[in-house]
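Shared between the two complexes below is chain A, which pairs with chain B and chain C, respectively.
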Partner chain A sequence: MIAYVMGVLPFLWQGLLVTLTVSALVVASSLVTGILCGIGLVYGRWWIAWPIRIYSDILRGTPLIVLIFLIIYGLPLLGVDFGNYGSAVIALTAFKTAHVAEIARGAIQSIHFGQTDAGKAIGLTFRQRLQYVILPQAVRRFLPPWINAVADAVKGSALVSLAGIVDLTLAVQQVIGRTYDPLPMYLLGAAMYFIINYSLSLTSRRLEARFAYIRE
Partner chain B sequence: MTYHFNFNFVWRYADKLYWGLVLSLEIALISILIGMVIGLSLALAYTGGNRWIRSAIAAYVEFIRNVPLLLLVYLVFYGIPSAGGFAYDALTSFIATLALYSGAYLVEVFRAGLDAIPKGLIDAGKAVGLTPWQRFIHVRMPTMFRIVLPSLSNVYVSLFKDTSLAYVIAVPELTYGANWIKTNTFRVIEVWIVVWPMYLATCYALIYALRLLERRFSLVRR
Partner chain C sequence: MPQSLVQIRGLKKSFGSLRVLDGIDLDVAKGEAVCVIGPSGSGKTTLLRCINLLEPYDQGSIKVDGTEIGYEEGGSTRKRRSERALAPIRADIGMVFQLFNLFPHLTALENVMLGLTKVRGISKAEAKDRAGHWLNRVGLSDKLQSLPSQLSGGQQQRVGIARAVAMGPKVLLLDEITSALDPELVGEVLSVVQGLARDGMTMIVVTHEMTFARDVGSRIIFMDEGRVVIDGPSRDVLANASQNERLKSFLARIEMKH
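Right, the complex of A and B next:
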């Protein structure tokens, strides 16, 4: 049993690396786009805020797997082809952007408007107010749900296996295709996902407790 | 060379999409009903239980919440029967998976709901001489369900979207119908262009209907 697990471990490790790479790409790019969209939602004129609102509502009402297939088959139609891997990462990022935007919007709106007024009163410009007053406070409201969203991204990345990318889930499937012994492999795969995501959710909870002192 | 859209094949097999959508909604409904039984019993067991019961429930919740649903679907459909030497059909297996999955989320929802019942209501129940069982049935349960209704509808909509994963074990729901048309007619993008708005429209119709329900049963009447 131990020899068997040791034998498949290098293969699963390759899959895990792909899962981690995809998740990291998605998390990093959606962090940037998501925060920009979040700021746009709160402070943008209607011609900025509305498109973002519509985008976010459409994306959050679409099953992730449908979005992945739409982008994999739809992008080449528009004349751009990033391959399955690139398209899957784009799909996951587009999806995660909507979630991060909502988290950022919530975090910014949770800061009392008196803070903005105070910033205005001492003559800060919009950028200064964001930079020195709003964002430093909002980041504490942003972090705990965002880390949960990161764990969600790791879980969501399992869907790239359906597009033929050999991530941890597909690596597990392929090992089972050889050994015909599904249960131990699925449990091993589940354990690997669990370790990553559980440590993330513990971090999130700890941060939440750490920042709980901030009240209105 | 430009691509020529051809939706004829999609319309020809539209019944696969239509019945797929109906099945998706049914799967989500049955799963959340079973999930609610699991969630409520475990939430009650958690509140009244000792340390061992609590850690067992927490282990179940954390395991389900931290593993991708796709892997859980495989685990239940391929993994568990292979060890037990029995088999169940794909639909049963998927509903079981989704019920266990929603159950783990609903434990937390119900636990928060039980905590949020105003103490004064329970005291009022005691004051008019209700037994603990009567307080449970007539005071705690109705109040809790009204408190958790918004969370329940969120879970339902999200479960409806998650039914799209059932296609990996060939449950003939909406995404499976889409894949069937795709592999049999090669009108790939047309299928997804039709299926995408079907999911979207259903999601928002569900949200709208559930909001009406929430307003009807909201604790604070407006």
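Right, the complex of A and C next:
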């Protein structure tokens, strides 16, 4: 049994790398786009805030798998084709952006308006207030739900297997296709996802403690 | 009368259908400490917040040291200044808040230094010296590295005063700075303000502390329903309070609370 597992590990390892790469790409790009959208939701004029609000509501109300298929199979009909891998990453990022935007919005709005007043009163510009006053405080409220969202992104990346991309999930299925022994492989795959996400949640707890000096 | 440092003319402001400021005229000379008193909802705090445009106003003019603060002059159109243009104007108008509004993620020293380095462009070393000087002045030289959550209310408010004064403002706005404090902490904050008044800092003080208004303020403004009802030298206003029905009943209510 051990020899058997050792035999398939390199193959699973390749799948795991794909899962980690897809997740990292999605998490990093949605962090940037999501925070910008969150700031736009809170501070933007209506012509900035409304489109973001509509985007966020629609995306969060759409099943992720529908979004992935829409981008993989729908966009090429309009002459836009990012390939399976590119489309899957774009779909996951678009979906995650909407969630990160809401997390950022909530974190920023939870900071008392007196902080903005105080920043204005000493002459800080809008950008300086965000940089030195609001965001450093909002980050503590942002981190725990955001790390949840990262864990979701890792799990959600399993859906790219439906687009034929050999990530951890599809790698596990392909091994089962050869061995016809699903249980040990699924358990092994689940354990690998668990290790990733459990380390994320440990990181989350450490970060929360790191920012604990900001009292509620 | 010397030229006024703060000049307010015909200031009007409504929240929806509620008129909060109904034509305020006010002059404050350099070095004067003006106390604004009046019942809740009389517009005192709104008046103060209009002076550094934390609250936009509908009509009228506010000039600080000759500069129209909130709106650009010229022509018949009234155009609100951009946030970017407002920032340096606000830096010259210090404000201390009822709820302190210290930055909770920064130490006392960093709270005072932030405006000095980022707005005034002073080097870190010099800003540290200056912030240390002012924190020492308000009696907190041993709390430089404390976070706001580690300080008492009175200490937090004194950091708030140091933060505002260190910027070297032309005028200092104090918004009921002792009303969130336990009674035994009020004295330490007021004595700091008293010291600033002695040094000639121009101040507009919204307060419920009548003894403070009498002893420190050179002038008292009594506001009611968005208007200045009485404006005169502190001692005269309080001595002749019985002649004005509204001031008399306001003072009686304050008396009962204390």
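Everything below uses one rule, namely that the second predicted complex is superposed on the first by the 208 of 216 C-alpha atoms of A that agree within 3 Å, B and C clash if a C-alpha of one lies under 4 Å from a C-alpha of the other, contacts with A are read in each partner's own complex, and residues count from 1 in each chain.
We take it that a residue touches a chain if its C-beta (ideal position, glycine included) is under 8 Å from a C-beta of that chain, and two chains touch if they have at least 3 such contacts.
This is a predicted model, so every value here is computed, not measured.
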Exercise. Of the two partners chain B and chain C, indicate the one touching more residues belonging to chain A.
Key: B
Exercise. Check the residue A:158 against both partner chains and state whether it touches chain B (first), chain C (second), both, or neither.
Key: first
Quiz item: Which partner does A:176 contact after superposing on A: first (chain B), second (chain C), both, neither?
Solution: first
Quiz item: Between chain B (first) and chain C (second), which does A:133 come into contact with in this model arrangement: first, second, both, or neither?
Solution: second
Exercise. With the two complexes superposed on chain A, say which partner A:122 touches: chain B (first), chain C (second), both, or neither.
Key: second
Quiz prompt | Partner chain(s) touched by A:114 [first = chain B, second = chain C, both, neither] | solution = second
Quiz item: Can you list the chain A residues touching chain B in their complex?
Solution: 58, 61-66, 69-70, 73-74, 77, 151, 154-159, 161-162, 169, 172-173, 176, 181-183, 185-187, 189-190, 193-194, 197-198, 201
Quiz item: Given the complex with chain A, which residues does chain B contribute to the contact?
Solution: 3, 62-63, 65-72, 74-75, 78-80, 82-83, 161-162, 164-165, 167-168, 175, 178, 188-189, 192-193, 195-196, 199-200, 203-204
Quiz prompt | chain C to chain A touching residues, read off their complex | solution = 52, 54, 83-84, 86-95, 97, 99, 101-105, 114-115, 118-119, 147, 149, 163-164, 167
Self-check item: Residue ranges of chain A touching chain C (in the complex, touch as defined)
Solution: 112, 114-115, 117-118, 120-126, 128, 132-133, 136-137, 213-215
